[in-house]
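Have a look at these structures, which come just after this line.
Same chain, two partners: chain A is paired with chain B first, then with chain C.
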Partner chain A sequence: MRAIWFFASLAFTACLIGLWQLASATGLASPIFLPAPTRVLDALVAGFSSGAMPAKLGATTARVFVGWALASLLGVALGALIGVSQRARIYIAPSLEFLRPLPVSALVPIFIGLLGYSEQMVLAVIAFGAFWPCLLSTIHGFSAVEPRLYEVSKVLGLSRWSMIRKIALPSALPDIIAGMRVGLTVSLILVVVGEILGSREGIGYDILLAQRAFKSPDLFAGIILLGLVGYASAIAIDWLESRLVRWR
Partner chain B sequence: MDRVIQFSNVSLAIGGRHILDDINIDIARGEFVAIVGPSGCGKTTLLRLLAGLAAPSSGEILLDGTPVRAPRQDVAVVFQDYGKALLPWRTASGNIALALEAMNVPRDQWPARIAELLATMGLERDGDKRPGEMSGGMQQRLQIARCLAQQPGVLLMDEPFGALDAITRQLLQDEVLALAERTGMTVFFVTHDLEEAIYLGNRVVALNASPGRVARTFPIDLPHPRDQLSTREHPTFLELRHDLFSFIKGGTGK
Partner chain C sequence: MNQAAPLRQPIRAARPLPVDLRPFLLPLAVVGLAEVMALLFVPADSFSLAAPHQIAVEFARMLVDGTFLVRTLETLGAAMAGLALGGLLGLAAGVMLGLSEAADKVTSMTVEVLRPMPPTALIPLSLLVFGFGLTMEIAIVAFTTIWPVLVLGRAAVRETEPRLMEVAKVLRMSFFRRLTRIVIPGAIPRIFVAFRLAAAIALIVSVTVEIVANPRGLGYGMMLSSQALRPATAFAFLVWIAIVGWGFNRVLILVERHLFGGLQGDAR
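Then we have the complex of A and B:
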């Protein structure tokens, strides 16, 4: 069954590429805006054989990963704190509510002012954007713990720390992972924004340069690579989820 | 009488509403007391007070002579909603391990204790199953097994078999009776099933509603061990059943 679906999706992708090829071969779309898939492939091959592409791909992937990991760490830690401690909620929640609706784009000038056009600035932009989904779904996960389980842990005489570790955290885990998944998507968007604003070498910045130089094959090559990074990371999260949340 | 549990003048009001009013019940060690009463009369609330999950507005609950202020490890609670009271991400063994962990049982003793507890509740082959893979009856057995891991002197049960089918219910009734007999546990058993109360109890305490008060106590003079057929056909059983049914019908004023 799974094999059938796999081939079906493969066939669908092939059809799309075929249509794309058709559109550019018949001149339906101008090659300046829509290059033929074969030319995009050429651009990819050229980029990889010259060695420039792997370096950029590596840099971009690393930024996504580090920014996202930072956001996840902070988001889960703070979310757990707010989730288990009434006092933390009272102190922290209002300032978070103030920060939360601010768009990342509005804060970018502040990050540039603080960190310059640096690697750290790009990471900060990614981390700031990806932090919110992680935080909010962690808070949600902790607040959605079955109240009966809290009573069970009281009756069993579990310590507060054991209760958090053995009951609240595992119970919140599916929500935490869902938040991290959204955070990853946000990171992928913001890495492009960050690289463009900071003029940092990478796939995102490359896309901008290709667009300015009307090199549409390079532009599409970059987009395809970004898509592949997103696809691979989604698979990685699926795998993580199936390992950690086997009971669902 | 060797008193284990003593409710003395226990009242509870929430937001100006009297939920329980002047409850006085004494329970002897090893006794099996069934609490019955109309829905909403405060049976669950009474059990929660005894468990230390809530505090009375006035009066006192003594357990072995000391006032109940918080949950105690020698008092175990079987909740009605087994589906919510078990950790869905842990296997049956893992759920029992949670209690052993809380009891600070050394880790090297866990496998033997878990195997023993699973066997006691007839789950010896289900240690690796998660609650989601178990039937309702099995899940409730697992919850009882976890309670037994606490080696409780007092077992509190809140309509534990209310959600089970008739046959499973009868099997579990007999198992709990046998357990109580073997371990000498004191059992505080809340139910709305009057026949179940008579079948299991040494004594049935009937509450009436708004506010919850002890309406009447029925001593149950039925021979042990109880048997699903002969006990339920016993003339005393039928007489008690008649008395209790007509009392509840009249007592609620409906």
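Then we have the complex of A and C:
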């Protein structure tokens, strides 16, 4: 039964692509804006066979992953420190909540001023953007730990470190992963911003160049690749979640 | 004695002031430290950094001369127009997919593939199709806001009390009547939450689009002053963008509380 539905949804997607092809073939959609799927596929094949596309895809994916991983580590560590201490939460959390709705892309001009049009600038933007959701959900996860568990750990004479590692961290894990998931989405959004504004080689910069040259098949090829990176990362984090929170 | 002794002592038992000042200490310390560091290490004509007092002067100037007002209206206008378009599309799709399991399963792959698409990837495409201006920004905001509203709207519709649907069947209500009398009213509080979250996203996306490409609004104002090597102005824009983002979210949360009060998340 599941297989039938899978093929049905595959067929629906294929139908949409077919309609798209039909619209381009009949001239309903301008080829300048909406190239036929076959032309997009040609652009993808050409990009991959020349070796240019894999290199750019690799650069972009590496930036997303490094920035996100850095942000997650820092976010969890700092979030744990703030989250376990009621005192720290009272002093620090409101400031963090104030900064939460700030669009991180607004910081790009300032990062460019400090770090120039460099690789570090792109990484710093991604890491900074992915840091917030991870930090805030870690704080939330740690402050939502059942207070009795804290009391138990006190009775057992656990040190603060082993209390964090053995009791608070596992309990906060679902929140942490939720924050890391948002962080990954943010990283992907920001890698495009960083590449475009910093003129760094990658898929994000590539689609801007394609747009400027009116090469719409290349533009769509880039968008599809970025979408695939997003899709793959969503699946990867689902897998991570199912592995880590299996005991729930 | 009707007051039980608190199990855990609060950090400071007595609060002499009606307003808790403790959250303000950190920002004040940061600003103070930045001022000292700026005086010591940053030259007054720096191209990348500015002292807090210089930022404050620029902030006050733009607040008074209407720069902030004009640019904020441009950004909020685009964000709201995009939200209206994307939110309504997402809501229509979400209600449909919530009502029909078959439709949901058939479209699942399309939705799951389109949903994680980073909205910034669409900036060049939108630029190609619409050129610079309001339309390209609205298009990107709309695409981004479809998904949260779709997903949360679908979940809200699925929560409809099944017995009410049985009653509707007994009463031989038409599909449309069932929709407007039972499904939508029941889902309204959660749909509002969906729109509130989407509104926050819409604001972030419009500022981002303005930073990357579109010459209008707060994002462009910030980008322009940074490229003109006027860091004090750029930082003043940044502070204002933070205030707008925070204030916007606050207002939405207050409206939600006012409209739905304690009902939140309740199916009744």
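Simple rule for what comes next: the second predicted complex is superposed on the first by the 221 of 248 C-alpha atoms of A that agree within 3 Å, B and C clash if a C-alpha of one lies under 4 Å from a C-alpha of the other, contacts with A are read in each partner's own complex, and residues count from 1 in each chain.
What we mean here is this: contacts are C-beta pairs under 8 Å (C-beta built on N, C-alpha and C of every residue); 3 or more make two chains touch, one makes a residue touch a chain.
None of the values given here were measured: they were computed from a predicted structure.
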Partner chain(s) touched by A:L73 [first = chain B, second = chain C, both, neither]: neither
Touching partner for A:S105 - first (chain B), second (chain C), both, neither: second
Superposition-derived comparison: chain B or chain C, residues of chain A touched: C
First (chain B), second (chain C), both or neither touched by A:I92: second
Contacts of A:L156 with chain B and chain C, given as first, second, both or neither: first
First, second, both or neither for A:F214, with chain B first and chain C second: second
First (chain B), second (chain C), both or neither touched by A:P170: first
Residues of chain A at both interfaces, chain B in one complex, chain C in the other: none
Partner chain A, residues of chain C touching it in the complex: 8, 11, 20, 22-23, 25-27, 47-49, 105-110, 112-114, 116-125, 127-129, 200, 203-204, 207-208, 211-213, 218-219, 222-223, 226-227, 231, 234-235, 237-238, 241-242, 245-246, 248-249
Chain A contact footprint on chain B (complex, rising order): 51-53, 70-73, 75-77, 79, 81, 84-85, 87-90, 98-99, 101-103, 130, 132, 146, 150
Chain A residues within the chain C interface of the complex: 5-6, 8-10, 12-13, 16, 32-33, 86-87, 90-95, 98-103, 105-110, 112-114, 147, 185, 188-193, 196-197, 204, 207-208, 210-211, 214, 216, 219-220, 222-223, 226-227, 230-231, 233-234
Touch list for chain A against partner chain B, complex: 146, 148-149, 151-158, 162, 166-167, 170-171, 173, 245-247
